[in-house]
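What follows is a group of structures, each given as structure tokens.
Heads up, the next two complexes both have chain A, just with different partners, chain B and then chain C.
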Partner chain A sequence: MAASLFAVVAGCAVAVGCGGGDTSTSRDAPATEGGPVALRRLTSQQYTQSIHDVLGEDIVVPSRLEPDARLEGLLGVGASFVSVTPSGFEKYEAAATAIAEQALGSELRGAILSCEPSSASGADDSCASEFIATIGRRLFRRTLAEDEISMRVAIAASSATELGDFYAGLELALTSLLVSPNFLFRVEEVEPDPADESRLRLTSTSVATRLSYLIWNSTPDDELLDAAENGELLNPGNLTAQASRLLDSPKAEAGIRAFFSDLLTFRRIDEGLVRKSPTEFPAFTLTLAGDAKEQTLRTIVDHLVTNELDFRDLYTTRSTFLTPSLGSVYAVPFRGEWGPYEFAEDGPRAGLLSHVSLMAITAHPGRSSATLRGKFVREILLCQTIPDPPANVDFSIVENTDGELRTARERLGEHVTNDACAGCHQLMDPIGLAFENFDAIGAYRTQENGVDIDASGNLDGQSYNDAIGMGQALRDHESLGPCMTSNLYRYAVGRSPVSGEQALLAFLDDRFAASGYRWGSLIGALVLSDGFLTASGQREAEEAAQ
Partner chain B sequence: MKTDSLNWVLAVALGFAATACGSASEGAGGTGGTAGTRGAGGTGTVREAMGYVIADFGFLHPEMDPTDFGMEGVRGFDLDATVSTGDTPPCAHDDFVAPDGTPGIDYGLWSFIRQFEPMQKNQLIDSVISSAVKNGEMSIVMELGGVDDMLNDDEVTVQIFSTQGSPLVGTDGNVLPNGTLPVHPDTKYHSKIATGAIEEGVLVAGPFDVGLKFFIQIVDSEMLLTDSWIRLTLGDDTASGVLSGHWSVAQIDEIIGTPTTENGNAAGFNYTEFLAAMEAADAGYDEESGECTSFTTIFRLEAVTAFLTD
Partner chain C sequence: MKKLVSRRTILRGAVAGGAVGMGLPLLDCFLNENGTALAQGGGPIPVRFGTWFWGCGMNPARWAPPTEGLGYELSVELQALDRTLDSGGKLRDHVSVFSGFDVKLDGNPNYPHGSGPASNLTGLFAPADGVFGAPSIDVLIAREIGGFTRFRSLQMSATGNRNHTYSRESATIRNASEISPMEVYARIFGPDFADPAAGEFVPNPRWTLRQSVLSAVKEDRDKLMSRVGTHDQQRLDQYFTSVRQLEQMLDVLLSGPPDLPSCRRADDPGPDILESEVFQNDLESVNQRHGALADLLTFALACDQTRVFNMIFSAGISELTVPGLNTTHHQLTHDESIDAELGYQPQATQFVLASMEAWAGFVERIASVPEGDGTMLDNCLVFANSDLSLAKPHDVRGLPTMIAGSAGGRITPGIHVKGNTDPCTRVGLTVQQAMGLPIDAWGANSLRTSLPVSEILV
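This part shows the complex of A and B:
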């Protein structure tokens, strides 16, 4: 993926000479000012990934953490607006204790402890200090201050003496690191931009953290922290080099998975919230649900990262990955472990929206839902707003699948005779009806209640006959690319765009389009943008003072 | 979920054609009569004929459904082509009558089964066998060949295989359709190909020998049914019916009767009573020893569509 990013940077350097000692963050991008920074609480996935990166993959991270919050369609945005409740703190403390116990247990501590204590049965301030400074830097995403270290060395020493066990003392010190706000929250700090004192920019370490959680969904490694603490990330060339390194790392897959899991609401699958009637849809097992999510994520990674293809083609591609349980629902032969699969050219499936995952998420437990599916496309993929339904809507017509109205098209047609419903349903239903050939778990069907399904429709002027055509119409929709740019931007900065950032988003989308909608180009343009690197704290402070 | 059977046949045929022509395609099928393509890491060629996996299997209990299987209506076969009575040597036995009144239906093992509680409906052995076809301990697959018309076809074939795979099981505990299972690599567990016909949606084929491999709990063995016949009622993505054949006394003894623990058979048989019951064998007369060496047997079976691979 880094190749695409380099292309962006090369173009940038030729055009405006943005390398070398230039510390300005705006090149041919429109000059803008990023929005406010925030304390961004680690999502549970980021918490787990960070623990694994710092303390080892073998650590079993307790699953009971403070629940994440989805705001404006993204957990990545919600993280900027949440705190830790008293009960949540108890969960973090319990998790920290369990993690520290594992990390410093006899089996795993060798991997993270670089020094040998002078005595295993007592305190060793030197070794404890080295451990706390090294591990703490990764957890806090910056070098610890002296007092942050010495306080924890004291904890480790007194506990080790009391308990007669160096490692037990160190466990308490590690626990204190893990329950610190400096770990649980990504603290974004700003400083005046030397090139324009009226502007604020993120500090180099804050840029490192943004970059790392955007691309890896995890804490920065030592090399990135070294670069950050040397101030190197304030230089676009160095920033590009680090971003390219991160994108080239195997850990980058976790980053893109995290973003799309967030955007496509896959957390609902993880949390068991996508449920189906066990009698009507016995194929929807836990295994299938997990495989369905994984299928879509593998398809995305393969398409965007491995093959660096046009992002829009995700909605038309027939290339995917299957397991036997998925093969059963798709009614295609498939044996063995995960493997690539190409849906047939003349078959009914193409694109992510024909996957079990998205068809199941956008359906009810016992039946499909053209409305939910249309809403999903409008809101999440096209960034359009659909108002909530009026409180007094009578849903009985659409819910009665055993009545005289045999198909969803017939039922929804009756439903929209209600003027209060018609406005929104006319936006959603034609899209969702295109997917009526897929039932509530995404299995293909040609009829509903013995009546042939009509999946034809029109998406903002482009007609189609079925889900394949709908996917093509979506792929060609003018809002698809800009919406993805906006979604990724919001995910990266943890907030919705503020006034003045629309021009930047348009620029980023132009870059995305000019690259043929290559993912690496979008990432590259985004991380070099003012929106990613600057903040509006000064302006807000001034506004507040007035 | 319903699969259009004819489309299914077309789908498999397309896949076969692609494979036969040297295409890289290893896959086949797909709803809507389409052929997909398996990528790298192939897991065997998809067989061309219609596949099924056995979803339920067990001894036929004549009392289990008085309408279809009542004592006066056993839906089996007249395996010895003789309307036998208890005083017709050798291997004297009473026959049953089919629901349509056809006499001579052979099911000698029933006289044995009815004596042992663990073999009754929903009891230990019945449950174990029923579970075994779902959990991979005795998974069985079946292939119908030459089917041009699911309702009436005067020339079709049936072949039954063991499989080392396990069927997919749904949240309701039943085997799911459209799974993919390999036929057993050892051709010993591939039946002979039986020929037959479909008439008004009911397939009858035979005779053929069926060898089945199983490893149920601690019993690692095999079952051979000789001169068997099969009758299946075909649905959109299901097939149900009976498999009837001859099962040797020696094999029944080895599988079911032989004590497996110091305290006797795991099923709780009294071996003396077991041996006595085996005296009722109704087939396989051995002139040299003067003994009847096999029981006529009827197994009920239900199957759902599956993709079979080599």
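This part shows the complex of A and C:
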């Protein structure tokens, strides 16, 4: 992905003021003041990924930590508003204990402990100190202060003496790192920009953490921390080099998967919450749901990263990946393990919205939901707002159905013949009806209750006959690109845009479009932008989302 | 509210052996004696508060009892309360019913399944869908009485979804629910539980070491606080309150087994079925999970492991189903025709009846524990509530609530009170006053009230 990142660097480097002629054809990035920074609690994925990166892939991280909260459509935004509740802290402490036990157990400690204690049955302050400083730096994403190390050396020493075991003592010191707010929350700090003291920029180490969790969904490595603590990330050239290095790493796949999992609400599948009526849909097991998520993520990674294709074509592409059990839901023969697959040119499927994952997520346990599907497209893919339902609706019209309404279109007709309902439902239901050929698990059908399904409709002026046409209309929709830019931006900075950032978002979308909607270009432009690198200050309490 | 801080300080000194004091948020310092004032015979008997939630309401005309006052006549949808308790007497006589109390929207949006609980549990309109405008009532009460026990409060949901919770510390901070009986057992009755039947109490040396870990974490506090804005200071306050709660837990563990005659270790519920491959929200599975969680909770209450709890039987968007039905309770409330002859939705209504059966079973469990001169139910206040009255139109007028138990003698149980469109906050105010919160009024705008339901307050 680095090639496409570099393609934008010349323009962006000028934009952030490192001099030289403007060789790019696009306009400069508008000077912007980023919105406020806040503590960002690690998501459960980030927690696990960070533990694996620092202490080893073999560590079994307990599941069911404090749940993440979705706010404004993203767990990544919710992370700037959540805290740790009493039961949550209990779980973090239990997890930390279990992790420390494994990490310093006889099997795994060799990989992370660089010194030998003078005695395995007692304290060794110098070896403990070395361990705490080294591992602590990766966990806190900065070099620890002397007192932060010394108080943990003291815990290790007294515990080792009490338990008669150097490693058991060190476990408690490691536990104290893992339950610290300095690990559980990413701390973002600002400082005056020396070039213009009236402006605030993120500190170099804060930039490193933002960058690392955006691209890897994990903690910075030592090389990035070295660069950060030398102040190098305040220089656009060095920042570009580090961003490119991170994007080229195999760890970048975890980053893009994390973003799309968050945006597409795949956490619901991870938590076993996307379930279907077993009598109606016996094929839809938790394993199948997991495969369906994997199919969509593989498709996205292959399309955006491996092949560096136009992002918008995700909604029309017939290229995907299957397993035999998915093949049976799609009614196509597929053998063996995971492998690439092309949906037939004349078949009913193209694009992510014809995948089992998204069709199942946006359906009820027993039947499809045009309303939920329409809401998903409007809110998540086009960033449009569905108005709140009114306080008082005369439901007498929808209260009595005669039981003869056999298709979703007929049933939902009730919504749009009632003025109070129509306002919102006309935004959602017609789009969702385009997907009525896909049932509650995304299997194809041509009829519902013996009546032919009519999947035709119109998306903001572009007519279509079926889901394929709908995918094309979505692909061509003027809000699709800007919405993705906005979603990635919100995910990167952990908040919704503030006033003053709209011009920057328009600029980023321009760059995205100018590159032919290449993912690397969007990331490259984003991480070099003022929105990523500056802030108005620390978030104050009254600004907290209600 | 006099001398609160000093009492807290003295207590911490006594319990924790003079542990280093931290700046306590004011609410955390609230202590009253209600929880332990009711000494009967030997040890003090705590008074507990809990909520019990079911989704998608009821049919108002069939649910509201036909008569008012003590000894009310049971309605068709409350027949589940027609049980004889092992301890004697009717379950109905321990449960008060509140019909016709309204959630007032004042023109604010009626978020389907969201506005009802938000208003009923905070006294404020929902500022946005799924968001509460203030801490929920259980948190207000836990801040008052939850500070002495091993767990400040316990949240459980039989729905299999940890995010199903109506317990909020603030607009954006939710107390997640436990969903697995196996995990709840391990958390409460695992190796850390001091079993009064286990013979001589030997403290685990690890508990003291864990305390030293927490002390180190607290050392991080001041430096971090000075680096963040006020938004984050509040969040860190919450974090450090949670750290203190774990210290409290370790203090309680170190102080030995609970001193309550009915306390014993619960039975291990065994592995649970949450991880299985297929849909698990059929009534039988949910009843099984709810029963297992309720059993564990009952034992936890009998051992004074917590004084505050929240139990969710089904969520607002109730996914309850039965084998052979290709839809759910919630979906039925929207899709099923109202039977012209019956005047209600027969399929959807079976889940109302099932919910009331589950509620009756829940209360019956609490009443099965002998305590003092009566049962544990006498020393509990359980506030049952739903998100809606009639679910089909998402109606929040006449939001159904009930109160089980006598709250240690502060509540007269077994009364049906008609609200006649009064705000639902009257019941919430009553609950808080019964639990000893020093408030005279509660709620805002049309939900504001200073009028408790005096019929049930002793």
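The rule is short, and it goes like this: the second predicted complex is superposed on the first by the 506 of 546 C-alpha atoms of A that agree within 3 Å, B and C clash if a C-alpha of one lies under 4 Å from a C-alpha of the other, contacts with A are read in each partner's own complex, and residues count from 1 in each chain.
Everything that follows uses one rule, which is that a contact is a pair of C-beta atoms (placed from the backbone, for glycine too) under 8 Å apart; a residue touches a chain by one contact, two chains touch by 3 or more.
No experiment lies behind these values; they were computed from the predicted model shown.
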Can A:Pro86 be said to touch chain B (first), chain C (second), both, or neither? second
Is it chain B or chain C that touches the larger share of residues in chain A? C
Which holds for A:Thr285: it touches chain B only (first), chain C only (second), both, or neither? both
Answer with first, second, both or neither: which of chain B and chain C does A:Gln472 touch in the superposed model? neither
Identify the partner contact of A:Thr534: answer first if only chain B is touched, second if only chain C is, both if each is, neither if none is. neither
Per the contact definition in the header, classify A:Arg335: touching chain B only (first), chain C only (second), both, or neither. first
Where does A:Phe343 make contact in the superposed view: on chain B (first), on chain C (second), on both, or on neither? first
Contacts for A:Ser325 in the overlay, against chain B (first) and chain C (second): which applies, first, second, both or neither? first
Quick one: is A:Asp439 in contact with chain B, with chain C, with both, or with neither? Answer first, second, both or neither. first
Once the shared chain is lined up, is A:Leu172 touching chain B (first), chain C (second), both, or neither of them? second
From the superposed pair, tell me which chain A residues show up as contacts to chain B and also as contacts to chain C. 278-279, 282, 285
Inside the complex, what are the residues of chain A that reach chain B? 278-279, 281-285, 324-325, 327-337, 339-348, 439, 443-446
Which positions of chain C touch chain A when the two form their complex? 105-112, 127-129, 131, 133, 151-155, 160-163, 169, 171-176, 178, 180, 183, 187, 205, 209-210, 212-214, 216-217, 219-220, 223-224, 227-236, 238-239, 241-243, 245-246, 249, 274-281, 319, 321, 323-328, 331, 335, 337-338, 392-395
Mind pulling up the chain A residues that touch chain C in the complex? 36, 38-39, 64, 66-67, 69, 71, 78, 81-90, 93, 97, 145, 147-148, 151-152, 155, 158-159, 162-163, 172, 175-176, 179-182, 184-185, 187, 189, 271-273, 275-280, 282, 285-287, 364-367, 388-393, 395, 398-403, 411, 537-541, 543-546
Complex interface listing, chain B residues touching chain A: 1-4, 8, 15, 27-41, 43-44, 46, 165, 168-172, 174, 176-182, 307, 309
